[in-house]
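The two complexes that follow have chain A in common; it is paired with chain B in the first and with chain C in the second.
== the complex of A and B ==
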């Protein structure tokens, strides 16, 4: 990054809402200076299905964020989610070239290049190449293996890829506002970066972001992301379950979920009844609290079970000392952490943004947008030394002043 | 994080997705931003083009049509001259000295040349000239004030009366009032005029101290300043003494290493005691030596005052001829013809002389009496 002040827009086009944060980055410090939000339209399970509606909504959020910041956004970090995103692990090893078996930069480049040069199916594109720690003769090397002595160098990458047209749709929504997308970041990585500490990531922790349409998760191990995934299930499914089970409209079910839903059935809920509206209007009726809680808890339990199943043997309580951390709008459902703890068999808690973040942005619903800014900047900083951007030409630099 | 791009066949990344969007696919705000961006680029190109064209045109004008540059500034003929000076020089004198060609354009006027013309007159210490377009020339002058006069005869040229400023610069004065000029003393002996390479006269060294003495006498000595008619610098460099002559007194010796104010105070006191000192009212005080601190030798002449200073035309300094003021018949006993030999200390010499008789030196403790009381003792001894 250059030392010039940049105004970065962190955009999350979610299923329920599109949120935009504006960060002022001076090269050393990042300050959140603006915020914009708009209820999403044209987005289903994190995927743009109606370009015009999604664009209107996203552009409205961008415009209000710019007005709030009082500055024009220079470029955008875009969060990406959706069931089209998938990942796989690819590992390669090379023999160390030099006669004295000292690992050189060429060996590292070779093994990294081989590990990432994996052909993808037609129409799929790489979103992230997440490197796991190097291994030299079987031993884990947390940092760079350069100048270490060994015979065989191994590198593994968790490669996250997605559907090309769906990625392009999301990018074009932002380009429709005439803003370049500088970074595309997986929602789970952004949110996880915000709600976990380096210490927790080193010890191993599972971060789950339960949104309205999708549930994104990332398992951290050895200080970095180890595995990611997206479930096309989220808070809206709980609402849908309530709507079907109690025969309610979607809005009424959402209201019931927010006020009376629980991730675990409370022991004293039996026989207790709750009003739909509570204002004695015609059509207002009562529902058993236990029934509501049974419906919501069943879905919550199922979400965690599916995540657990997806993780499979990669997840083990012994290698996840940090437990489970939850974020996202649906994580605000009462007893969600207890539910996760029961399913995963490790301690679970709700994630919190760092204390440096202002109070009104510490809601779990903004964790992804906040994490986008921090993760996007850190990933740019990491990638820039190895992939220096082409130096802007004279005219380009001159016109950038305008 | 590492994208792993290198010499290996890389997989397609999201960065390969073309981000260009047709304006039709943009929202209203997006199109507006896009238009603004294009407008900025166009403005930038126009700005660069204009700057380039202007540079080329300017270079072209400088090389081939320099007269067009003067026209471009809308400069008219010089019509006004504003003068701001701290001295006495008039606007007419400045105009005459500048000698600008009639109907000359302000653009054509070379300020450096005009400044040199003004500075050629020694009376001007500093000259600032500036142009106010379209037709005004501003002149700001800082002038030298004369502290003394000097008569110079250079070869066959007629005798000239010049002025000497505090910094020793010799110049032909212009615009000073006659009364002011007449009050200025003449520099007589000890002045060595040196011609500069440019044909002028080099500044006279030591004039700062002379100026200090004259300023003190003028502003704090009251009527005593009228005694300062002729000033000799012959012992200034060697003994640090300035000798002043006038019709009333043939020699007043001031010590430059002592406080002038105190010496003038002594002088004032002696002139107050003049009746008691003089044997006859006609006899002038021939010599008062104020260079010995608290002891002041006073020599009284027997000749009448009118014969002391007979040089009506003033002294001359120069290569051709030099006259000495006060070189008149009936000289006092203590030398008044030219620089008097420096007396030894009053105590060693036996004190001041009155009519050729030595005045007994006062025997006083070093810190017993103030200066004026010491004078009283001297005069009292003389009366005894």
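== the complex of A and C ==
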């Protein structure tokens, strides 16, 4: 094996399951060689609440992934979600220094340095610095502005930050398995990267990953992430609504959700009833299909509505030609895309992994883990030159002490 | 609105269609508050006091005094026992019915925690509702230092009242204690409680009787209280001078009648009435409305009223009245159509007798909320709300009134509806009580951080928060 080959573990500690993918990266090609999964415990709404239970699951998943790959994982890309993550936009501009008004690398470094220098409150740390395209004299520059002529260079960053101790919790879980975390990637970015194409990102697209505990969204514009967000509401809320509304156990509600839930009330199914178990056992009950759909659709509608409200004026159908793309376990609910299309007023579809991905990993539930590998690698490749896109180094410094 | 046979309008008809408002004080505290309001001479408001204590009654300046439960207490008061209060009211239902008969709006004033007020108020409210009145109760909650037993009784009394009244506005005396000065006497404190109740009553009274630029009338008020048992939000504030609007909002926030936790201060239906002097600027109205809607409204249905009062030069007063569908299990039951159209007993001409049924279709929209309101689905699309609306009448036969025309076919409908109502009032189990903030069920997420967005806890099922009626 050449020294350049590395085995990367992409870990997503989700609310419903912890999944690990092992990728073999030769420096130019990525092959997925192993996979491990374990139902999560100790994670609520995307945040680790029971360290012991969560790390047991994660370790189990890591172990089975290593077994299936037949190799040891070298380092880990870890997906991050949870309500503690937040983002803001920070923008600065500098006057181009040179006499002939040609932008130099120094100008670019200065403006980027200034734009990311924003101090965070105590206990918060940066997860991602996502740069929006540069602007030179107010006009958008798609690539690097180096050697272009202009007077004023502007750069804006969407800065994603999270609570230090919560991030540390998740990293701790992995470190407990004696693996270094090379990179923290926002779940939304990972999943979004997987289900959107470069063309769609250029045209503008909103990717929404509805997981069990959280809904992660990222709005792409001009070819890159424009803003991101986490809403701590997901599929488990739909289950919870059902279990409260129909007075069911959580497991039963989950089953009802999967079999009969819909994101939009189906027309014409008024008198229809469904059985809880359908096996004619004592205690089996009937529920009107409409009630189930009312409960689930109200929640689905609300999830999209809240996302839309949070995006506010940043989202406009004109600048989102790609529409909405959905992924995550809860997006499998029937009519979910239809519901999203209605709320956002743009076309919506379910995201699909590229055809290069093997069939059994194309379930929407695996989009994040897959994206972790691809996005993590691509951003690493990007960050190796002078332009650090994120502060991976900083993170490593932070946590190498643990 | 009027049946053809009654057109053209003549003077006697017009005067007869004013609304009858009665202020009823129950128990010692309630009577005291009414006595005090008596001094203010609210025109067109009749007053009555109901008590078990003969001595207290005889001291009252109010004309209409009703002693209840003389067989139970021998006129000596309920002795702080709500059961005796309730029993007393039960034995004299006929007397109480006579007091609240033919009223459109009954303000019930009572002090919770004692015997008569706590026990009898709910019975009085129930009877008033049976008689077809809209019942708004103002109740004082005892000071904490009055002891745990009183607090418990008060809480139970409040819940019983919430079940039967259209709106219950509690005034915790404790809040008054916070703003009391160092040397304020107990008497002063109680007086201040009465004063606030008085202001509350006056505010609603003024809203109804003062004709405004943008008028809020009785049916608007009635519409606001379609769902009984839900939470009520009530507050008033006033301001003067240059920053009157800002001041009014500020004092509204501190109104002791508005005692709900911050995150519950949202209403589905909001009634806002603004009173100002002739110098009231439209911009100021706009400013006020925006602030109020922001503070208390959701996607709510906001009804605005504005009135001009010569005496209010340079001042502005805001009254906010909000109701929520949440927890209000079911719409207010069908009101007796004869009462809904105020056909007075003295209108004995045959025309009036015919008028009652013919007029029935017109008040129907008031009794039966239009489907769109019945399912305030801010969310899941027209398709869904249409579906809800379509099924609602068939699924909720008891709550949704029969379409008006069928009143002819079913002469018994009014009596059956009132008996149906009696059942709801009498069975406490039939309705789930909703108290602010704490009883929202979060199920699986019970012990996690609250998930607040725009004042709502997203962990609580959406259908509960949006008041979507589940079809069962």
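Structural remarks
We take it that the second predicted complex is superposed on the first by the 383 of 402 C-alpha atoms of A that agree within 3 Å, B and C clash if a C-alpha of one lies under 4 Å from a C-alpha of the other, contacts with A are read in each partner's own complex, and residues count from 1 in each chain.
Going forward, a contact is a pair of C-beta atoms (placed from the backbone, for glycine too) under 8 Å apart; a residue touches a chain by one contact, two chains touch by 3 or more.
These numbers were taken from a predicted model, which means no experiment stands behind them.
After superposition onto chain A, the modelled positions of chain B and chain C are compatible, with room for both.
Our angle of interest has its tip at the CA centre of chain A and reaches the CA centres of chain B and chain C; in the overlay it is 170°, to the nearest 10. Of the two partner chains, chain C is the only one that A:298 touches; chain B does not reach it. When the two complexes are overlaid on their common chain A, residue A:223 makes contact with neither chain B nor chain C.
Of the two partner chains, chain B is the only one touched by A:127; chain C is not. Put chain B and chain C next to each other and count what each touches on chain A; the higher total goes to B. Of the two partner chains, chain B is the only one that A:55 touches; chain C does not reach it. Of the two partner chains, chain C is the only one touched by A:265; chain B is not. Look at A:334: by the touch rule set out above, it reaches neither chain B nor chain C.
In the superposed model, A:347 makes contact with neither chain B nor chain C. Once both structures are fitted on chain A, no C-alpha atom of chain B lies closer than 24 Å to one of chain C. Once both structures are placed on chain A, no chain A residue is touched by chain B and, in the other complex, by chain C. Residues of chain B touching chain A in their complex: 1-14, 16-17, 19-21, 25-27, 29-31, 33-34, 37, 40-41, 43-44, 48.
Those residues of chain C lying in contact with chain A across their complex are 377, 379-381, 383-384, 387-388, 390-391, 441-445, 448-449, 451, 453-454, 458-459, 461-464, 466, 468, 470-472.
Interface residues of chain A facing chain C in the complex, by the touch rule stated above, are 44-45, 49, 83, 231-233, 236-237, 239-241, 243-245, 250, 264-265, 267, 270, 288, 290-291, 294-295, 297-299, 301-302, 305-306, 309, 339, 342. Considering their complex, residues 51, 55-56, 59, 62-63, 109, 112-120, 124-131, 157, 159, 162, 164, 167-168, 171-172, 175-181, 184, 379, 382-383, 386-387, 398-399, 402 of chain A touch chain B.
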